[in-house]
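What follows is chain A paired twice: with chain B in the first complex and chain C in the second.
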Partner chain A sequence: MRHLLGALAILMLWQGAALLLEGRFLLAGPWDVARYMAEHAGLLGRALRITLLEAFLGFVIGNGAALILAVTVILLPRLQALIGAVALLVFCLPLVATGPILRVLWGPGIGPQVTLAALAVYYTSFLPLVVGLRAAPASWFDLVESYGRGPFTALVIIRLRACLPYFFAGLQIAAPAAFLGAMVGEFTGAERGMGVLAIRAMRALDVEATWALASLAAGVSILFYSALGAVGHRLFPDRPALILSAQSSAQPDNWVLGMLRAVALGLASLITMLLLWWAMMELGDVNRFFGKRPADIWHFLVTAPEAAAHRATLWQAAQDTLRYTLPGYGMGLALGLGLAAIFTLFPTIAAGVLPLAIALRAIPIVTTAPLIVLALGRGATGTITIVAVMIFFPTLVAALQGMRQAPGQVLDLFDSYGASRFTRLILAQIPAMLPAFFAAARMAVPAAILAVTVAEWLATGSGLGNLMALTASTSDYNMLWSSTALVTLLAGLGYALVAMVEKRVLAEMAPEQGIGP
Partner chain B sequence: MSPRDMTEASAPPEVICRDLSMRFGRGKTAVQALQPTDLTLAPGSMTALVGPSGCGKSTLLRLIAGLEHPSSGQVEIDGDSPRRIRRAGQLAVAFQDPSLLPWRSLRSNVALARHLARLPKDREKVADLIAKVGLAGFERHRPAALSGGMRQRAAIARCLATDPRLLLLDEPFGAVDELTRRRLNIDLPKLWQARGVTGLLVTHSVHEAVLLADRVLVMSPRPGEIIADIPVPLGRLRNARTSLPEFAQTVAQVNAHLSQSAALP
Partner chain C sequence: MTISPISRRHLLQAGLAGAGLSLLGARPGRAASAVNFQLSWLHSVQFGGSYIAQSKGYWADQGLEVTLSPGGPNAPVEPPVVAGTALMGISAADYTAAAVANGAPFKILAVAMQNNPFTIASLPGNPVHEPKDLMGKKIGMATANTPVLQALCEINGVDMSAIEIVPTQYDAAPLVAGQVDCLLCWLTDLPVAMTMQGIDNVTMLMADFGYAVHSQTYIATEDSLKNRRAELLALLKGEVAGWRDYKADTDAAAALTVEMFPDAGLDLATQKLQAERQIPLMFSDLTEAHGFGWWSEDTVAANIETLGLLGRKVSADLWDRSLLEEIYSS
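Presenting the complex of A and B:
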């Protein structure tokens, strides 16, 4: 009932705003959107069917890959850090560049969209799977070992079953992400699908079509997210709150050793990435004009006569991108955190808002980017807003759920001293929230990069996103590969930076909440 | 000797620990969990190990099971490493918590031991054991629907489902209330005493140790070592004899060693 009222309130606000802004080509009200959908039901239906098919295939392939990776990590624990780091870097590959590259590799058809959908989901499924495959008491493994059986039996008898609730929680997040991957794939030169229609509508300034497509994408995402959530709730009533935890390893004795280990891991994953890159080009026998190798990029950026100019172009674009990314990232985190704190102080509001926030979190914001461009223009405001909104909802949900992790007994203790809500928030609820918040902040780094590059390409015409789109269309493949590598590197570094802060803060504030080795 | 030969050799094994010690961690934070220990468990005997919390009782049991690797010394079971008896499926360990898999029914949890030990399915045996531990009628229940005492009994039934030759019980009744524990102390030992197994029982209940074992070993606080070896003079199935003076004397003897070792300097 409350959900219905909330949805109704949103519809009324939306209609009101549309009436207010009438004639300014910004906002189509729900009435216009519904009419557009009814009039173009055939067209939208065909596009939706294609995009859903791509998303579904990507969903299956991506989650299958996540399962294989997670099982490998469990059976070969020594490789965990390296596999985790490389999996992250591949996840950080900018869809804006991988889209055109995959387009050339795959040729026409749905190949690139499916690949991008798979790339968009595998990492967020991999993380909870690794946690879930470990989520069993040690004595269960002792039991298996006491009958002389090894890790493989433990995997089959215990781990694969014990991880199901976690796997399901991952699937729930993956469903909207797969839809996002498929749509972004369609942005980059597909023949059919929702993404194609969205780009066309935005370029033609067709407000009704843009809003109708964005609403449809949002609605489908929320639907799948809620449906999977409901099924999961049915199957696993006591499933865990999903926190994409850091894969913390054993704490090193001192921080110098820790730093050395981090640097070694960084180098090892970098080398692995370069090897993978090279091997894929060589084994796939990809045309050298298009499929650049690491050595080509080294030549382009370092040893070529015009290398300095190339580096300057790249550096300028990177600066532009960071100028939008950092404020957007900060604002998204701050807004999510601030709103979560307010909702926690006034729990009656939170009870109504949390389901709504969880539903809105499912919307792949990037698929609605054309809307924001329409509303806020092609300048800095629009781009920063896209980044902030992309990060805002996951942060809000994680922070709200995290604050609920504060143990009831601790809250009772505060109440028994008549402590104020504010004291309770600062001393009990915010510390309890930190692990969930940092998990969200880490995952927000690749999300921010994705949002900013898509926005730059669709709207601002500056930054790395624009550079990648531009060089893809002018066949300047050296520059395309260089910016792709740079974006991936920046995302990986940003993630590592947040993880470092997280480790420090959690060691101080919440040592008992770290997931054990 | 192949595992099959060992299945046929169903006599209870002899367990010999030589100079066995265990140290966790290294450097300043290292903990000596077990002082070098020599110990022999006679074939077919039940030995109880009592001592204060954290004295290394469970560590010693886990070393014998081969679930931990000793820092020094070795464990020989019939002249071989623990690995062999484990691989032959002739070892059964009852852990401190019942360790039942929550998604399996009671019957399926008991049958799991036979599966893990690579023994053929035996529905009758499983049903019989479930009945013997007093859980008939609960075969289809999940562990969550059983009480703590029922889960402990289920774990014991699982232990016995493979006809083990070596039975290691790590506080198997630790998580149940005193009344249930007394009933389990009377009901369950009959099941393994009839079979001829070599056994080690870790407990911190002196009453339980004297009731169930042929011999009680007392361990000192950390770093643990065996400080007393007390034979229990009563015959087996002695639950009717707990009122005899010998029983009370043995309990008093064990208690004296325990309180002596626990006295603060």
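Presenting the complex of A and C:
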């Protein structure tokens, strides 16, 4: 009932906004959208079918890859930190750069769409799997060992079963991501699909079509998200709330050692990434005109006569990007956290707003960005808001989940002392939420950088996002690869920085929730 | 370059996503008579002549099986042509010049759009009829096109600093919503979209004000021109025949486009209008005299001059007319 009221409120807000913006060709209301869908059911159905197929294949392949990676990490625990870091960096690669290269590698067909869908899901599935594969009591492993069996038996008998609930939670997040990945993949030159129709609709000033497609994409995402959620709930009624934690279990006992370890990991992942990059280009025999190797970029940025000018261009763009990313990131996290607190204090509000959260997360940013820009302008405010909007919902969801983790006995204790709801929030629920919040804060780093580069490309015309779009159209592939490497590096550094803060804070605030097994 | 990568590319595909996936994409290795032709945008009547060539068998008659690969917002044309996954591509003189400056061995084989389609679109209440009207206006455009505006200003003696550039997505909404006074776009897309939505608009074709850059140019690598000449010749022959039919009946070309690509979300009336608006860009006295795709030393010289303003230094040997000459001499 509450959900129904929430949905109704959303529809009314939507219709109201559409009426307000009538004649400006920016937003179509639910009524027009429904009519468009009915009139073009055949076209939309065929497009949906192909995009769903791409998303499904990407979903299967991406999750398969996640499983392989996670099992590798379990069998070779020494490599966990390195594999995790490299998997993250690959996840952070900007689409502007990977799309065209995938198209050349695959040729015509749905290859790039499927690959991009797989790339969009594998990391968020990998993280919970690593946690899940360890989520069994130590005594079970002792038992396997006492029978003289090795790690492989433990993997099959204990770990693979223990990880199922976690795996399912990962699948739930992966479903909408795969769909969006497939849609964006169609921007690389596809014959048909939802993404193709979306580009066409926006250019044709066909707002009904644009919003019909956005609504359809959002609807499909919500459907799969809820369906997988419901199945998971039925199969594993007592499953744990998902926390995307990828911290290594080794807690260094002193600060210097920790720093050394971090630096060593950073170097190792850097070298691995460079090797992977080089091997991909060489094995694929990717043409050097656009498939630059690490050595080409080194020459471009360091040894070439104009290297200083190239670095200056790149540095200027990076500064522009960071100027918008940091406040947007901070605002997004603060907003998510603040709303989670309000919802925890007044739980009735949450039921109505959460469906909106999922829906908004599922609408492609390319559709929402122009609306935000219209409302707030093309300057700093608009761009920062786009970043904040992109990351505040996942943060809100994670923080809410985390606050629910506060142990019942602890809450009972607060109640028995007649503590206020506010005291309970500050002293029990917020500390309990911290691991989930930090997990979201880490994942928000790549999301923020993606959002800012898209906004720069579409709205501000500055920064790395603009530089990447510009250099791709003028065949300046040295600069494109340099920007790509820099964006990936920034995302990786940002993630590591948040992880460091997380370690410190959790060691102080929530040692009992020690991340890891 | 065209043969050896196949096995290694397949190896990479397998490594990338599992061997099962290679069923999805078309295999790069095909029979000698099958070629891939990379278009510069999504399917629309913009490439109407090619669809006619396909459906009337102008290529099949010459033993050529052609795949028409659509482009998109994240699908530059140059990489597949350089890599050899596409034999020929549709580019524009400025993009081709940029690619050549970055080491791509391209030649322009034919010019579909004699007149550059770049246009300043505005609304009748606040119109831009000539370049000096731009002063004091806000123009919405992709920042990537800043050099284009710069060149126009330089040719026409307009002070660029008097124009405010607003980065926009490629759609007409910012103009209609009043965020900008005018847009830099193609004559054949956003103005057509506005007209179809019932919004009166004013267009100023930049080609009428000295902006001479060949557009929708056919490009191939020097290597292909040498080693796959017969296929390129057949491809261009089909194009010439297809565009001849297109000119004779643009409505039929629009209808064919909508029919061939039922999943592309095309609207027949829009396609008809676009097909009609494209004609004066593609056909001129020059093409009347010599044939579709032709250029003269004069038009190339004008191009070199404008490209120079865009910061691209090119020489006349970027253009190679030998295939067209062969087609029209027989």
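Everything that follows uses one rule, which is that the second predicted complex is superposed on the first by the 475 of 517 C-alpha atoms of A that agree within 3 Å, B and C clash if a C-alpha of one lies under 4 Å from a C-alpha of the other, contacts with A are read in each partner's own complex, and residues count from 1 in each chain.
In this text, contacts are C-beta pairs under 8 Å (C-beta built on N, C-alpha and C of every residue); 3 or more make two chains touch, one makes a residue touch a chain.
Computed from a predicted structure; not experimentally measured.
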Using the superposition on chain A, tell me whether chain B and chain C clash or fit.
fit
Let me test your reading of the model: by the given contact rule, A:L143 touches which partner, first (chain B), second (chain C), both or neither?
first
Which of the two partners, first being chain B and second being chain C, lies in contact with A:R378: first, second, both, or neither?
second
Per the contact definition in the header, classify A:R161: touching chain B only (first), chain C only (second), both, or neither.
first
Considering only the touch criterion stated at the top, classify A:P446 as touching first (chain B), second (chain C), both, or neither.
neither
Between chain B and chain C, whom does A:T460 touch in the aligned arrangement: first, second, both, or neither?
second
When both complexes are superposed, which of chain B and chain C contacts more residues belonging to chain A?
C
A:A190 contacts which: chain B (first), chain C (second), both, neither?
second
For A:L470 in the superposed arrangement: first (chain B), second (chain C), both or neither?
second
Enter the shortest inter-chain Cα distance between chain B and chain C once the structures share a common frame, rounded to whole Å.
32
Chain A partner, complex, touching residues on chain B are 27, 62, 65, 67, 83, 86-89, 91-93, 95-97, 99, 101, 103, 112-113, 116-117, 162
Taking the complex as given, what residues does chain C use to touch chain A?
1, 4-5, 8-9, 11-13, 15-18, 21, 24-28, 36, 38, 42-43, 67, 69-76, 78-80, 82-85, 95, 98-99, 101-104, 142-144, 165-174, 176-179, 189-190, 193-194, 196-197, 199, 261-267, 270
Report the residues of chain A in contact with chain C in the complex, numbered from low to high.
23-26, 43, 46-47, 50, 57, 61, 64, 95-96, 99-101, 103-111, 114-115, 118, 184, 186-193, 196-197, 199-207, 209, 280, 283-290, 366, 369-370, 374, 378, 458-462, 466, 469-470, 472-478
Give every residue of chain A touching chain B within the complex, in rising order.
137, 139-140, 142-149, 153, 157-158, 161, 253
